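Take a look at these structures.
Presented sequentially are two complexes of chain A, the first with chain B as partner and the second with chain C.
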Partner chain A sequence: MRNFKFIILIILVIIASLFLLSYGEAGLLFNQTIFWQLRLPKVVVALLSGGILATAGLLMQVFFQNPLAGPDILGVSAGSSLFVALWVMGASFFPSFLYKIGATVLSLFGAFSVFGILLFFLYKKFSRFSLLIVGLLISTFASSCISFLMNISTNLQVKNYLIWTLGSFRNVTIEELPYFILMGVISLIPLLFLPKSLNLFQLGENYAKSMGANVTNIKNVLITVCAFSISTVTLFCGPVGFIGIIAPHLARFYLKSSNMNYVLPATFLFGSVIALLAESLLVLTPSWSLSVNTILGFFGAPVVIIYLYHQRNLHQ
Partner chain B sequence: MQNWYYPFIFLYSSLLLASDCQSIKPEHTYSPMVSKSFSIDYYKGYRILHRGLDQIILKSKNTELSCESKLFQIETPVRKIVLTSTTQLPALELLSLEDSLLGFQGKKYIYSNHFIKNKITNISHPLVAEELLKIKPDLVMTYELNSQSNELISKFRKLKIPIVLNDDFLEKSSLARAEWLVYIASFYNKEELAIKIFNDILLRYNLIKNKLETIKKRRKVLIGDIQNGKWVTCGGESDLAKLINDAGGELLLSSKSSSTQRRSLEDLYLIASVPDIWLTQNNWTNLSFIKSDSRYKNIKTSNIYNNQNRISADGANDYWEMGMSRPDLLLEDYATMFFPEIFIQHKLLWYKKL
Partner chain C sequence: MSSTLLKLQNITVGYQEKNILENISATISESGIIALMGVNGIGKSCLLKSISGLIPLKAGNILITDRLAHDFTVKEFAQTIAIVLTDKIQVDFLTVSELVSLGRSPYSNTRGVLSDQDNNFVKNILILMNIFELKDSYLQDLSDGQKQKVSIARALAQNPKVLLLDEPTTYLDIPSKIDLMNMLKKISLERGLAILLSSHDADLASEYADQIWHIDTFGLLVEESPSNAKKIFIKSERE
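Let's turn to the complex of A and B:
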């Protein structure tokens, strides 16, 4: 039965991918340039980004033992956004060399700066709840800095930044695609070795310790994987919300299980399906000028509420 | 002694008889030729300026009105003004009133040397009442961003800060926007001069437009660039689209909207070999960015221009200053890019070839 459920998910991913590869705003047209330069990168990026964000969300939820934890919660996306905002809006206030470095490097730098701060606190034996608060405070700090930058910037700069925050799976060119795939795969490799530790960890730190697990190592790996994978997606696609929160819940609900050996791959597949479906909706509604984040927010919020409604008896 | 109440009866009767300033029939009314967003009613000793639902009485200093009114009153001519948009600055330049600029919101965005050389106070964004009360301008002109702007205006007026809104940016054509010159001039009692200047602009604009109406082969014009995986271009009914049309161009990826459009790159690729001219809407200074992104390579034209020709050391762009007030010269820029063989004499002002 479980295998059958996985096959359905894989078929959904394949159908959505084939749809996006064959149909676009130009219709059912097969044009070599359009296929290689637009559709293929878009599908690969949506598939991989959705999966990465979803698994990062699952890891966050397990780590913080909080069902609402997601990629945004650690402040990594906020750190990335802050440095992109500095690049877009602060160019006239900073030395010209900073402008030339570009958003790519700065986004990565922002994400890893936050990641470094989190590792420092982890090293100083901060509890995961304190770490959660640190993450939220970093997000608030970054938001304040961005608001300040928006106040002192020109309309064009503010507009450029706001467009970036809408998120998109279409930003990656065919030349950049190998780098994206490489970084995405690197961020996914540790997941192959995580399920057993996660199964122990989600039952509580003390239980994991009593079973002989190295809790500190698990925490370090979780934080590193999350920060790297989130920064990779934010770097190429901008801040994409909701997938990290929705997909883990859908996976657990779908499999009726909490076993990470199954939930982890199912979460990845759900993330990919959600991203591909969001992209399909964009393709089908070209005149509405929607963005990925608009669609995810529009459908994501009701899905979470319905899920919580169905789960109400479990929490009582 | 019995008639002690007579003066009160007289005063009360006078108040009743004194008519409302708005209800009197104006001697004449100025209605702009292109813009539909403002008008001026002329009365004996005062004027009423209409902008949307807002009405302001303009009267000379030390003049007492013979009528009653609850409308906000501004004494003219103003001598010290605070402006908030670069599109408002050229009016002062065209009317030779540069020295009246007391403050500006974002000094570094001013391009014209006529203003930069003067001592101008940099005004905060958003406007701060205390700051304005300190420098005591005769007039503050701002623009409406949202519904809260009207609340801000009434709050400032209660504090006796003479503030008015300028909606030039809401106009659907560059000519209508340029006509707001008359609106600004009314605060200086210089409407006649402003109308004359605008009529010259309109005449010149129509001369260029008429010259190009007989052109058989219109130039196919692509506007915009890639932002967040989409092709961002102007609406088919925007002021820019109208200018392109009047300059003998045919806007590609056109739409029935005046707002910015986000089109799919697939739509762009289908017409990528068609454009004669590509006008990028960004601050590129050369072709390096286009070369670095393979998605641009499909656009088969070497006629690539943008509006970065007149930039100050601080990055201020004159396109968003004088360019917005001189649609005739702007039209000539477009016409020159589209038909250089006809406009041999004209040197591009705001646009440059990349």
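Let's turn to the complex of A and C:
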């Protein structure tokens, strides 16, 4: 039964990918340049970023023992965005070959800073709800800073930045693709060793410790993996919302299991499916000039609210 | 020389700068149920967490099976001592057998795969705790009494010599309390296990415990016989 469920998920990913590879805004046209320059990078990026954001969301939910944690909700994406904004707006001062490397480093720095702030409040015994508010405030603060930066920047830089914040899986060129895949795969390798620790950790830190888990180590690995993967995706695709919070719940609910050996890969696949479906919607409605974040927000916000409603019934 | 299961030598426990209990010494030399009693907030939970290594000791030594606690590796320690806390486990879609199997993780490989032997061990624990028919149920669908049994089964799966239980009977109704205590008594005898449990219930303690550790209002730990339990507890309530 479980294998069957995984096969269905994989088939979904394949169908959506094939659709996006064969159909684009130019219609059912098949042409070498379009395939290599546009469609292939787009599909690979959507597949990987969706999966990575989803798994990062799952790791954060386990880490913070909070079903509502996620890269966007806790402000990690915003932290990354702020530092990328600094870089984008200041780009004219730097030589162009430094551009991508500098942005990578700063985006990572932004994500780690936000984790630092969150950990401080976690250590001070902030409740899970207060922590969500801290995340919200970090996002607000970051967007204020970004508005200020926009006011003092030239039009072109502002436009570049604004387009980036809408979220898109189409920004990666075929030349950048290997770099993106490399970063993505690096951030995924530690996941192979995590299921046992995650299974213990989701019972709570004390229980994990009492069963012989090295809690400090697990925490460090979780934070590093999350910061690295979120900042990679944010850098290339902009701050993409909702996938990180929704996919883990879909995976648990779909498999009716919390066993991380299965939930972790299923979460990745659900993330990929969501990203590919969002991209398919974009392709099907070219005249509406939608963006990934518009679509994810439109469907994502109601799903989270339905989830909260369902939880209220469960714990009464 | 007689061997002991657990020996506390002048230990001081507490959180950060604050000492909760100072200079505690006590010994458990044979298997059975040991009731840790004392008024609310005196530091029973803190003492249990310190013994299980969740809170670092401020001073003194703990010997488990005649060996210094900090000489154990993390894995060995988890194979010797297990704890059930008052923290609720809130994970959706986790089955009883999955949770109890997690108790075998001190024995499993880095990927957490259990051997046939481990699976057999888990099965025996489930039968022992009388929850085998619940093995595929989700945790969220169980009653409080069943949840408590499952939590204890998870700890027993670690195959410990010393089992620490923080307020195991607090949220249970009377029949469940009696059922659980009978079961614990049986298990401690069969497996040669020392069960140290904190409790407010003087009746239950005097009925089932083989030994009482009473923390009085001055924070001193006194080892008593169960027959004194009621008397002591009523006295300390008045103080």
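By definition in this document, the second predicted complex is superposed on the first by the 241 of 316 C-alpha atoms of A that agree within 3 Å, B and C clash if a C-alpha of one lies under 4 Å from a C-alpha of the other, contacts with A are read in each partner's own complex, and residues count from 1 in each chain.
Here, a contact is a pair of C-beta atoms (placed from the backbone, for glycine too) under 8 Å apart; a residue touches a chain by one contact, two chains touch by 3 or more.
Model, not experiment: these values are computed from the prediction.
**Q** Mind checking the superposed model to see whether chain B and chain C fit together on chain A or clash?
**A** Fit.
**Q** Using C-alpha centres only, what angle sits at chain A with arms pointing to chain B and chain C? Round to the nearest 10 degrees.
**A** Spelled out: centre of chain A as vertex, angle of 140 degrees.
**Q** When the two structures are overlaid on chain A, which partner does A:Arg252 contact: first (chain B), second (chain C), both, or neither?
**A** second
**Q** Under the stated touch criterion, which partner chain does A:Asn199 make contact with: chain B (first), chain C (second), both, or neither?
**A** second
**Q** Looking at A:Leu166 after the superposition, I want to know if it touches chain B, chain C, both of them or none. Which is it: first, second, both, neither?
**A** first
**Q** Applying the touch criterion given at the start, work out whether A:Glu25 contacts chain B, chain C, both or neither, answering first, second, both or neither.
**A** first
**Q** Is A:Thr154 touching anything from chain B or chain C once the two structures are fitted on A? First, second, both or neither.
**A** After superposing on A, A:Thr154 lies in contact with chain B but is clear of chain C.
**Q** Check the residue A:His310 against both partner chains and state whether it touches chain B (first), chain C (second), both, or neither.
**A** After superposition on chain A, A:His310 lies in contact with neither partner.
**Q** Looking at A:Asn214, would you say it contacts chain B, chain C, both, or neither? Reply first, second, both or neither.
**A** second
**Q** Just to be sure I read the superposition right, which of the two partners does A:Arg2 touch: chain B = first, chain C = second, or both, or neither?
**A** A:Arg2: touches no partner chain.
**Q** Just how close are chain B and chain C at their nearest CA atoms in the overlay, in Å?
**A** 39
**Q** Note which residues of chain C are touching chain A in the complex, please.
**A** 49, 52-54, 74-75, 77-79, 82-83, 85, 87, 89, 91-95, 98-99, 102-103, 105-106, 108, 110-112, 138, 140, 158
**Q** Could you list, by residue number, the parts of chain A that touch chain C in their complex?
**A** 193, 195-196, 199-200, 202-204, 206-207, 209-214, 252-253, 255-259, 261, 314
**Q** In their shared complex, at which residues does chain A touch chain B?
**A** Its residues touching chain B are 24-26, 29, 31, 33-34, 37-38, 42, 92, 151, 154, 156, 160, 163-164, 166, 168-171, 173-175, 238, 283, 286, 289, 291.
**Q** Taking the complex as given, what residues does chain B use to touch chain A?
**A** Residues 106, 108-109, 125, 227-230, 232, 261-267, 269-270, 283, 293-295, 298, 314-315.
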